Structures are given as C-alpha cells and as structure tokens.
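Two complexes are shown next, each including chain A; its partner changes from chain B in the first to chain C in the second.
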Partner chain A sequence: MEHNNTEKHGGSYTTLVLVWIGLLALTSITVTVAGISLGQYTLFVALLIAAVKSGFVINIFMHIKFEEPIFKVFIAVSGITLFVIFLLTFFDFIYR
Partner chain B sequence: MASNIEATISIEQQAHRDDVGARMGMWLFLFTEILLFGGMFLIYAVYRYQYPDQFHLAGMELNTGIGTLNTIILLTSSLTMALSIAAIQKKNKALSIIMLSSTLLFALLFMVNKFFEWSAKISHGIFPGSKELLEKQNGEILFFGLYYVMTGLHAFHIIIGIVILTFMLVFLIRNKITSDNYVKLENSGLYWHLVDLIWIFLFPLFYLIQ
Partner chain C sequence: MINEAANPGEKSFYQVSTNKHTGILSWLLTVDHKRIGIMYLIAILSFFLVGVVIGLFMRWELMFPGKTIMEAQTYNTLFTLHGVIMIFLFIIPGLPAIFGNFFLPIQLGAKDVAFPRLNLLSFYIYVIGAILVLVSLFLPGGPIDTGWTFYIPYSIRTSTNVSMAIFAAFILGFSSILTGINFVTTVHRLRAPGMTWFRMPLFVWSTYATAWIQIIATPVIGITILLVIIERAFGVGIFDPALGGDPILFQHLFWIYSHPAVYIMILPAMGVVSEIIPTFSRRTIFGYKQIAYSSLAIAFVGYLVWAHHMFTSGMSDTSRWIFSLLTFIVALPSGVKIFNWVATMYKGSIDPQVPFLWVMSFIFLFSIGGLTGLVVGALATDVHLHDTYFVVAHFHYVMFGGTGTIFFAALHYWFPKMFGKMYNKRFAVISVVLFFIGFNMLYFPKFILGYMGMPRRYYDYLPEFASLQLVSTIGSWILAGAIFFVVGYLIHALYKGKKATANPWGGVTLEWHIASPPPMENFHEIPTITHEPYDFSQLKEMKYGE
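Moving on, here comes the complex of A and B:
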C-alpha cells in the first residue's frame, strides 16, 4: 500500500517547462491564425489548437499520462458524454 | 507487545490513506465542472450557429490583447502549479513554496486584468440589461450575456482557486503537506489546471472572433 502513496508520477522540471513553451507557442499560433481569414475553417482551426493545448495540460500538467488506465477511461466517458450531448442538441436544432 | 500494537496501528493508518482514490474523487468532481461549463458552451454553440454575423460583430468589441495576456498569465500559473508539485515530490520544500506563491500571484494578476477589462466594458455601457446593450440585435445581446456569465463563472472559479491555494500554501509552510503526503496539493493543482483548461476554450471562442 505504501508504495502507492509515495509513487512518483510527476514530470521533470524540464518537461514541464518545455510543455509550457509549447502551450505559449500554440497560443501565439492561434492568435495569429485568427487574424488570417480562413472562412469557415477559422473556428475549426481555433478549436483544434485548443484541443491540442488541452491534451498537453491534461497529460502532463494533470499527470494523466502517468496515472492508472482507469483515469483515462473516466476522461473518455465524460468526453464522449459531452460530445453526445452536443450532437443530439444540434440534430434537434438543425432538423427542427 | 505494546510496541507491536503501535506498529500495527501506524501501518494501518498509512494503509488507510489512498492517494489514488483521492485523486479519482477529485477527477469525478472535475467532470461535474466540465458538465457545468459544457452546458454553457452548448448554449454558446447553438446561438453562434444561429447568429454567426452578430456574434462576429459583438466579438470584435472584445479586447484581444487583454485576452491574450490573461491566457499567457493562466498558462504560466499552470506551469508554476505543476512545478510546485514536482518540487515537493523531489523534497524541495522551498522551491515548492516559491512556485505556489507565484501561482497565487499570477491568479491575482489575472483578476486585476479581468477587473480592468470588465470596467472598460461597463463604462462603455455594455453590461447585462443596460440601455445600450438592449438597443443592439438579439445575437449581440446573447453574445454579451454569455460573455458575462461564462467569463464571470470562470473568474469566480479563479477566486475559489485563490482561496484553496492560499490554504495549501499555509499547509505547505506548516508541514501539513510534505514530500510523502502531498495529495492535497495535487488535487488543488488538478482544480487549478481545470480552470486553465476552461480558459483555453473560452479564449478563442470569445476573444478571437475576427
């Protein structure tokens, strides 16, 4: 039991700083891209970049990469639930 | 015999601590938060689909610069939070305290920016129910309504985060959080990263409509 409690599952300082630099780079990309007119793709690109940023935060900052598999199942279930809610709402809204 | 019993008790006390379970509980709470904000993002999505041009028009009025600055501040605060946990894992209490204090400082900076941002909007007469806002088109009224509710609820989470992290700082200084018992700090970190995560989506949806 004891080894579970003192288990090390954080990243090194270097990894954390690198992820932070990556997140800042993605922020500057998303701000720059917003200035360019991509028509209907603008929102898609912005959300894609936001999703990549979330992936970094969840995996590294929130330690999910180092957690037990059940945590990933939890996140997948809640993510899919949210997606289904969006999907059903839009089905209703668009074909009304 | 007596020392044997004491040893058994102390082992049991350690066995009763389940850090994985504690983190799992925190994640379950975070999912309720995701559903709370998810519902609002859903309302945003439907109305943006219904009034794309008016959302565009209203979004142009937001200050992209201050939004970007707040994004950088929150991302940096997430880094210092993660570093604070990494430091306590590596038995470096002093660094952990410095990093946690920096997180608090960035959180306060975020709120100062938010104050100036909202003050500017309110002084221009744009706030829920204001005469100027109600003269605008439906889509614009909805955009600003969602802007105030969503960034407001987010800012409220930042304030709660500031209170929680202040407690963690006191625990850290008083050795209630140590290198072999830091799950409180980890769970506060999870909360703080979630607040950052929500901002990652709020930022492009409100400030980057150009």
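Moving on, here comes the complex of A and C:
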C-alpha cells in the first residue's frame, strides 16, 4: 500500500488533540456513570461509551478513516462478528 | 535424501539458502515459505505421534475394567495431554501451517508469503508454546489434569500446573494469529496477474476463510486464558462461583474461540479435498463458486453456534433453542461441499490413486461425524448424550476422520512435489485400508457405549461395557500400526524412493507447473493466469504435463 500522502494520512494536530480530549472526557463520563445507579442500563451505557471511544481510536489514531475501502471492510467484518457474539451471549445473560 | 537437482541444471529450494548460512542454520534462520512449511511438518508430525502414543496408553488402561496399567490421576493427566497436544499442537496448526505455508504462495503464483520474516516468527512462537507445554509436565504440581477444555471451577481448584499449560495455549494463539494475517495479506496482495478471486484454487479459498477465523476468534481464547490465570493467582471472582463469578461465562468465552477453532481445523481439509477430487476425476470441480462461498459461510456461521457445547450447563432456555437452530444451519454449507464433491466425481474419469483413497475414506468418516453432530446438536437427544462416549466418537469422526484423514491425504498428494520422491504405492494402499478398519473399530463402539451411558473421561466402567471397550482398544492398535506404517514408508521414500516427476498425478493447479521439488522462489518469472483453476485442457500444453 502506498504511503505517499502523509499529510492527509494522520489528520491535523488540532484534530488529534481534540480527539484525545474527547477520549479523556468520555473516560470521565464512564467513571461518573459507574457511580450512578442506572439499573439494567448500566452495562448498556458503559458498552455504548466504549464503542464510541473505539470508533475514535480506530478511525483517527489507527488511520482507518484515511485508508482504502478494503481495510474498512475488514474492520466492519470484525466489528459485526463481535456485535453478533455479544448479542447471542446476551440471549443467555438476559433470559437466564 | 532429496533429489540433487529438480531438473537438469536447476537447483531446488533444498539446495539454495535464503541466508548466508549453510547446514542446519540455513534452515533455522530461513524465510523461505517452503522450508518453514517443512519445519512445521517435522514439528507437528512429531507432536502428533506423541499424541498417538498417549492415546494408545489410554486405550490400554481402558482395555479391562478397573486398574490395568496406571492410576486414575495418571489417566486424568494423559487424557488432558492427549487433548492439548492433538488440538493445540497438531490439528489447529496442521494443515494451514504445513501445507498452507508450502502451497498457498505457489498456488497463487507468488514467490513467497507477504511477510516472510513474520512467517518464521510464527514458527518460533509455535515452538516456544510447545516447549512451555512440555515444561509444565515436569514442574512441581504435576501435569495439568483438567481436560483440554480447562473448565471452571475445577481448573481454578486443582493444584496441578494449569497456569503454565494454558499460558502455552495463549502463546500458541499468537502463532495462529500471525499465520492468519500473513495468509490474508498474501491472498489480497500477491496473486499473480490474471489470478482473479474466482480463479484461485479452492485450497486457497478455504485457507483464506480459515485465516479470517484465526485472526478474529483466537484473541478471545487469549483473553479468556489470561482471566483464568488472574483468577487462579488473585481470586478476583470473574469465573469462580464461590467468589460471585460466573462459570458459564467461562464456557461462553472458551467456546466462542474453540468452536470456530473446529472450523480452523476442518476448512483447510475441505480445501484439500476440493483439490484432490478434480485431479483424480479428471474433471473440473462441480459448483466452484458454491464451494468457495460455502467456505466463507462455514467460517461465518461457525462463529454463531458455540453454545451448543453448553446445552446442559445451565444457560437460558432461549439460548438453547437459538443455538440449536443455528447449529442445524451450519450443516447446510457443509452439505453443499459434500454434494459438490460427489457431483464432481459423477461421470469423471476416476483414477483411484492413494490420495483419492484417503479422500474416499474422509467422505465416509466425515459424513458419519457430521450427521452424528446433528444428533448432539438437537436439544432433546443432547441431554441424553452430553458428556458421554457418543460425543467423543462424534468429535473423533469429525476431527480425526475429517482433518486427520485429510492430513494424510494431503501428505500423499503433495509428497512428490515437496520432496521430489515417490513412495511405495502398494504400501500406501495397505495403510489406507488398515487405517480405515482400525479407525472404525476404535471409534464406532464409542457411539454405542455413549448411547448406553458410558461417560467420557472416566477411568473405570461397568462390566457391561467391557466387550466394546476391548474392541475399541484392539482398533487402536490397528490404527496406530497404520499410522506408524505410513510414517515408516514415507521416511524410507525420502532416502530410497524413486525420483518423482513434476506432475505425477496430472494436476493442473500451479504447483504442478513447476519442478519437484520446487526451485527457490517457485517461479523463474511470475506466471500470467489464463485458465480456470481446474481446466484440464491445460495438461496438453503444460511443460511438465504427463
């Protein structure tokens, strides 16, 4: 794969810093939410925040946003598989 | 030992080093995919033979009720070691690491895999994992006795060396992941000009699907193993019910990897079958695209059936019927393959050479294994048969009758190409027959014993099971005899065998277009692909065609 477009590749420093601040903010929210009793939604909220954080890391820090479509397909296949595994596991967890 | 020259004036990969060293160092530091494949063959075959010997001792113990040759704890250790060695050191890496490494680049028209150094690293990680398994046997505490499934809570209670043995499986996982990454990248990036996706041989397709499972599923077992080690060391309470943990969560995590791992084992074998049947039927494969897609379908649906190992574990009823339904669905793409193979043979010009006989044996044994899988995949029958010898028989028919048989098929099919020598075909036919008889004598009684209620992993049994246990033990001698016979005449062929021609079977995929054994970097110039993979009209124009 060619890496001749390095400027475009990683995004600007401003973007990287903003994403970093965003990740720190989401981490703070995770910690805060852990202290609030949300009942059956606790796990769902924690997973949602983790998913958003993963999205930022994968797209920006791992450069997937700037890569060829084939890499996005690879990530999507892995992500969908993981989602289905989560879903099927919850059929046990919820109905047990 | 090996042909001095692949062809007059041409040196084979045995005679050209990829580094500055000669002798053993030229092998140990090689980055050539063929040499790495051969090193895997030696290592994996050695561990397989160790696993066979352990199995023989287990069967010897079970020959008569009560103690025969060993104590119960020794038996517990042996069945665990047999499982760990056969699963993690033989059958998971077996076909991809040996034949995938050797033939995937050649069948794609490439000079090597995408990351040759990473390939060598995978091999050494495999060796380190294997050494750790061996070390765990001799440390204080004694060898692991949990069974190869390492089920909680016993695996966090026993004082045997669980942590080190499962850490070895963790290390072996990295080897598997790196091999998977290498193969996916090779298929995407290194196909020869004209080698479109639907001109790739079906062994490449199945190895590609397998590589995806290796990449996506293996990390799950890695994390699970680390959690068990943490649980044993610090008693966190993740899985241990005494500390508020959930032992069924362990089973979920274990089988989320270990069921797809079953497809890591069988998919490459199905690819080999799709190579051998057209070659010996002289007929293009029936339903090429359906077989290719069914590999991907098996790889994907194979992720979604893991909890059928847990029908009696106490998980929810909803999960039980969902996973039972999904299990029946995965039988469909497997059925597509079986029907397409049979349809390929129909009206073909069949030449029943040794590799083809192994494949016939496979279709018979794997069909029994697959169909009995539906018996234990159905909820009601599984409650009766769970954890009995029926499951042991089913598993061995699928894995050994399936992948194990095809390991030998592949070895006999590609042996002339890999080593440039031909084995004694009469001996080879005798070995297939002995293998088939021994296999069925060893494992078929276990279906009946399981149905009668004989539990798996038990050291002793009731007197009414004695006669079938005896038949099974006698079968193990015949089967092991056949296996050692195969190894014997193949080693003999390396030294004394007749020189093999470049295309002894009349195959048409790319490996049969080059010399036996292949030269370093496989091709003098990268070929341009103009034919479908199983177009036998090529035979007339092939340089080495016969």
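Throughout what follows, the second predicted complex is superposed on the first by the 75 of 96 C-alpha atoms of A that agree within 3 Å, B and C clash if a C-alpha of one lies under 4 Å from a C-alpha of the other, contacts with A are read in each partner's own complex, and residues count from 1 in each chain.
Just so it is clear, a contact is a pair of C-beta atoms (placed from the backbone, for glycine too) under 8 Å apart; a residue touches a chain by one contact, two chains touch by 3 or more.
Predicted, not measured: the structure shown is a model, and the values here were computed from it.
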{"item": "First, second, both or neither for A:I70, with chain B first and chain C second", "value": "both"}
{"item": "Which superposed partner A:S54 touches (first chain B, second chain C, both, neither)", "value": "first"}
{"item": "Dominant toucher of chain A (residue count), chain B or chain C", "value": "B"}
{"item": "Partner chain in contact with A:T30 - chain B first, chain C second, else both or neither", "value": "first"}
{"item": "First (chain B), second (chain C), both or neither touched by A:Y95", "value": "second"}
{"item": "Which superposed partner A:V84 touches (first chain B, second chain C, both, neither)", "value": "second"}
{"item": "Chain B versus chain C as contact partner of A:V17, first or second or both or neither", "value": "first"}
{"item": "Set intersection of chain A contacts, chain C complex versus chain B complex", "value": "70, 78, 81, 85, 89, 93"}
{"item": "Partner chain C, residues of chain A touching it in the complex", "value": "70, 77-78, 81, 84-85, 88-89, 91-96"}
{"item": "Chain B residues touching chain A - in the complex, by the definition given at the top", "value": "14-15, 17-20, 23-24, 27-28, 31, 34-35, 38, 42, 45-46, 49, 64, 68, 71-72, 75-76, 78-79, 81-83, 85-86, 89, 180-181, 186, 189-190, 193-194, 196-197, 200-201, 203-205, 208-210"}
{"item": "Chain A - residues contacting chain B, complex", "value": "1-2, 4-8, 10-13, 16-17, 19-20, 23-24, 27, 30-31, 34-35, 46-47, 49-50, 53-54, 57-58, 60-63, 67-68, 70-71, 74-75, 78, 81-82, 85-86, 89-90, 93"}
{"item": "Touching residues (chain side chain C, partner chain A) in the complex", "value": "188, 212, 215-216, 248, 252, 256, 300, 303-304, 307, 314-319, 322-323"}
